[in-house]
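In the two complexes that follow, subunit A is the common piece, with subunit B as its partner first and subunit C second.
Coming up: the complex of A and B.
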């Protein structure tokens, strides 16, 4: 892509999210979300093949619907209460509507069905932007809403963790697996939103780190299916030995970083007397863990000469060493002992 | 505590920096020195019971035998793995020893933890290196399934444990093992309290394993390489027992009734898995089911909650750890020579390897709890405490002892006595390394006869 065009699009992406971060008026926040959507559309369609165009169209339609719903919710609130301020939304109907609109924007179940298909049509770097950057602005708005209906968020959260787990079980395409993983993690974030928003923020940051390193690992191996992951030991042996740990961290196993948000969220839920919900969410994490384990089996735990699950690729020039991958991989494996520091750092 | 933990941590850079010729001797020497340093943990003279106290870790008469067993096992694992890894590239050998060492670190921190969440995190942390040992370095295709079963059975039990621990923390304000036994007894009346009780124990029952949830164990033990089988049988199962003994203090009022079905399950499991052992064709599978059988007795002893029960459980855990690990090492010596675990194929070995037969004999006798070995002491104390609870358990435990004797002798006679098959007359002679390995297993077992106070736990 023309570097000027790319720079403009990336700048617009940053502008849109920053606008949403900085606004207290609903219209300005909505405008930021729209700028984000419009900026990423050309990025998604840059490769011009039909699958990418299909993904772009689906993304645009769902995001436009969500934006319209959000605008409608803020207008209704303005009509009912005279308030345009995001944090002073006090009527339950527009609050619920806005929560659902934002859920559609980020891909929470049961409003998640667009996410696997859209992510599948994109290449890995654009998919990375969709999975990480595009979640920031809607979650900021969700964090600022005062939820009236306490069970809506819990239902959204539990449904997301369960569907994120079950949906990913039958997938062989890595991007769809990451889409369902995204839904599951967003479910965890939303579960604790009304009780301890700082934990949502912490979960978001840790999820961003882990997803960032996962996407970069898959990009380094140039692999988009499970079968092509099987040859990663030949291309990048060190990453292939660390990647199972990173995937298990995504699955939430101690002593890796991914355990931290799950532990703190379960603690908060039990403090709020929601122990059955906590147990259900914890057990649904096992579903996601199964397909992460399957990926780590393919990458590192079934090595030649024992079970060769794919044919060997041409050994081309190795990709340049990636400093961001190194940093995010280290962060996604070893930050659990720093839990008190991170909890203090990411307090809202 | 740090005196042992820091050298173990530093063993990892040592492994990666040692030149190839000195890798195995150096790893062995250092882990032996760490094991010798760990013997200081036996000296437990503190009035409160907790010794070697640091802000986060401590030992007490319950955990110190298990800690010493853990530290003793690392040199034995390194000794056992040296042969079958000699054909692998150097960095993979280093990776393997690093996995064993990291498992050791997590185990020391688990047994030495003074706070239940730390114990939980380390309990779960031991799963990852064990999973890698089983699925990456196992030998047959079934190892993939074995790893999955292992991980998911254990996690399905331990995630409710996490929620239960957080509920406990909410109620009592702390999870520190130093103060929790002295907190107010919990009033446990409702149905959800009973589910909390089950959630506290389920993880450890799966880990032990209790008979109904034991399916992961034969798979995992059989498919793991020798070091994996050793650490699984000797120490990882005992994590379950240790956790149960710690948790039961908090679960006081409900355990009198609610433990009933679990004790029956455990004792029935002794009989059932013992009977399964009599019909096994795979040698490692027989030893694995024998582990389930012995652990069933340990579960019964722990759930009885009397001093003799706890003491018997602890002694049996230590003795079974050493015995089972020795049996797996012996089975591995056969496997390395014949590459089969089927007993009808690798039989009559007394003709070919007579010195090994002596070790097989002692290990088989230890397995069937021959006096004066500590195995008998543990089993007898558990059987007595169960008898005190109900006379009917004698039917199950007595039959269990009989069946244990039967399959231990069956294992010995099948592998050692009888005709040597014609296809196996050119076997490598026994290495001194293998003799040393089995001796280092059985010698502590025999020496424990002389001073069982070391492994008596709180009854001391």
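Coming up: the complex of A and C.
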């Protein structure tokens, strides 16, 4: 893509999210979300492939619907209570409607059905932007709402973790697996939102780091299915030895970083007398752990039947810069001992 | 619930229902999206008249600007879909299923 166009679109993405971060009026927040949607559409459709265009159309329809519902919720709040401040939204009907609209924006179950298909139609770098940057602005708004009905967020969170785990079990396409993993992680984030918002923030940052390194690993290996992942060990053997650990970190196994948010969330839910919900969430994490384990098994624990060793690719000098991957991989594997420091750092 | 509030809420919910239950053509979804935005425009204008504060009268124009950008993006995607898939029928948007 033309570098000026690419720079404009990336700066617009930054502008939209910053606008939503900085706003206390619902109209300005809605404008930031709209700028984000409009800026990512050309990035998604740049390849003009039928699958990319179909994914872009589906993404546009869902995001436009969600943004319109959000503005309707804030207008209803204005007509009922007379003000537009985000943090003072206290009437239960607009709050519920706004929470559902933001759930549609980020892909929480049961409003998640667009996410696997949209992520499947994109190339891996654009999919990375969709999975990481586009979640920031709506989660900021969700953090500032105070839901009257405390069971809505718990139901959304538990449904997301269950469906994120179950849905990913039957997939062989890596991008769809990452979409269901995104739904499951967002479910964990939303589960603890009303009790300890700083835990939501911590989970978000750790999820961003892990997803960033996952997408970059798959991009380096140029693999989008389990089969291509299985034969990619020869391209960069060091990545193939670290990637299973990174996938298990996504699954939440100690002593890797991914265990930290799950541990702290389960502790917080138990303190709030929600032990059945905590048990259900922990059991549903086993479902997603299974497909992460399957990916690491295919990648590094077996050698898939290949023709000859002569078909292994040449190990040339890497053409892409791997410094971001190195930093995020280190962070997503080894930050568990720093739990107190990170909890103190990411407090709201 | 005052009559203007009921009016724009009913319009919005009807257009949302039309968007959610569209079955044949992509264009009907885009039209319902425009209907939703129109009802929000009317609601914002009536809000400014309700409060009698003239500085709020600029907000419907801001909404209209963004909604126009969104509508043109939707139409561009409709044209792109017609180019790659042959028509805007929703049954032909089935390349990405599991």
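Basically, the second predicted complex is superposed on the first by the 330 of 348 C-alpha atoms of A that agree within 3 Å, B and C clash if a C-alpha of one lies under 4 Å from a C-alpha of the other, contacts with A are read in each partner's own complex, and residues count from 1 in each chain.
We take it that contacts are C-beta pairs under 8 Å (C-beta built on N, C-alpha and C of every residue); 3 or more make two chains touch, one makes a residue touch a chain.
Not measured: the values here are computed from a predicted model.
In this superposed model built on subunit A, subunit B and subunit C occupy separate space and fit side by side.
When the shared chain is aligned, no partner comes close enough to touch A:22: not subunit B, not subunit C.
When the two structures are aligned on the shared chain, A:267 is found in touch with subunit B, with no touch to subunit C.
By the document's definition of touching, of the two partners only subunit B reaches A:301; subunit C does not.
Once chain A of one complex is fitted onto chain A of the other, the partner contacts of A:255 are limited to subunit B, with no touch recorded for subunit C.
Looking at the shared chain after the overlay, A:286 reaches subunit B, while subunit C stays out of its contact range.
Applying the stated contact rule after C-alpha superposition, one finds that A:345 touches neither subunit B nor subunit C. By the touch criterion defined above, A:88 lies against neither subunit B nor subunit C after alignment on the C-alpha atoms of chain A. In this overlay, which is a superposition and not a single complex, subunit B and subunit C have their closest Cα atoms 25 Å apart. Under the contact criterion defined above, no residue of subunit A touches both subunit B in one complex and subunit C in the other. Against subunit A, the residues of subunit B that register as touching in their complex are 95, 106, 117, 120-122, 124-125, 127-128, 132, 135-136, 141, 144, 147-148, 151-152, 155-156, 159-160, 162-163, 166-167, 169-170, 192, 196, 199. If you check the complex, the residues on subunit A that touch subunit B are 241, 244-245, 248, 253-256, 259, 263, 266-267, 270-271, 275, 278-279, 282-283, 285-286, 289-290, 293, 297, 300-303, 307, 336. On the side of subunit C, the complex with subunit A involves touching residues 2, 5, 8-9, 12, 16, 19-20, 26, 29, 33, 36-37, 40, 43-44, 47, 59, 62-63, 66, 69-70, 73-74, 77-78, 80-81, 83-85, 93, 95-98.
Subunit A meets subunit C in the complex at residues 27, 30-31, 34, 37-38, 41, 45, 48-51, 53-58, 60-61, 64-65, 68-69, 71-72, 75-76, 78-79, 116-118, 120-121, 170-171, 176.
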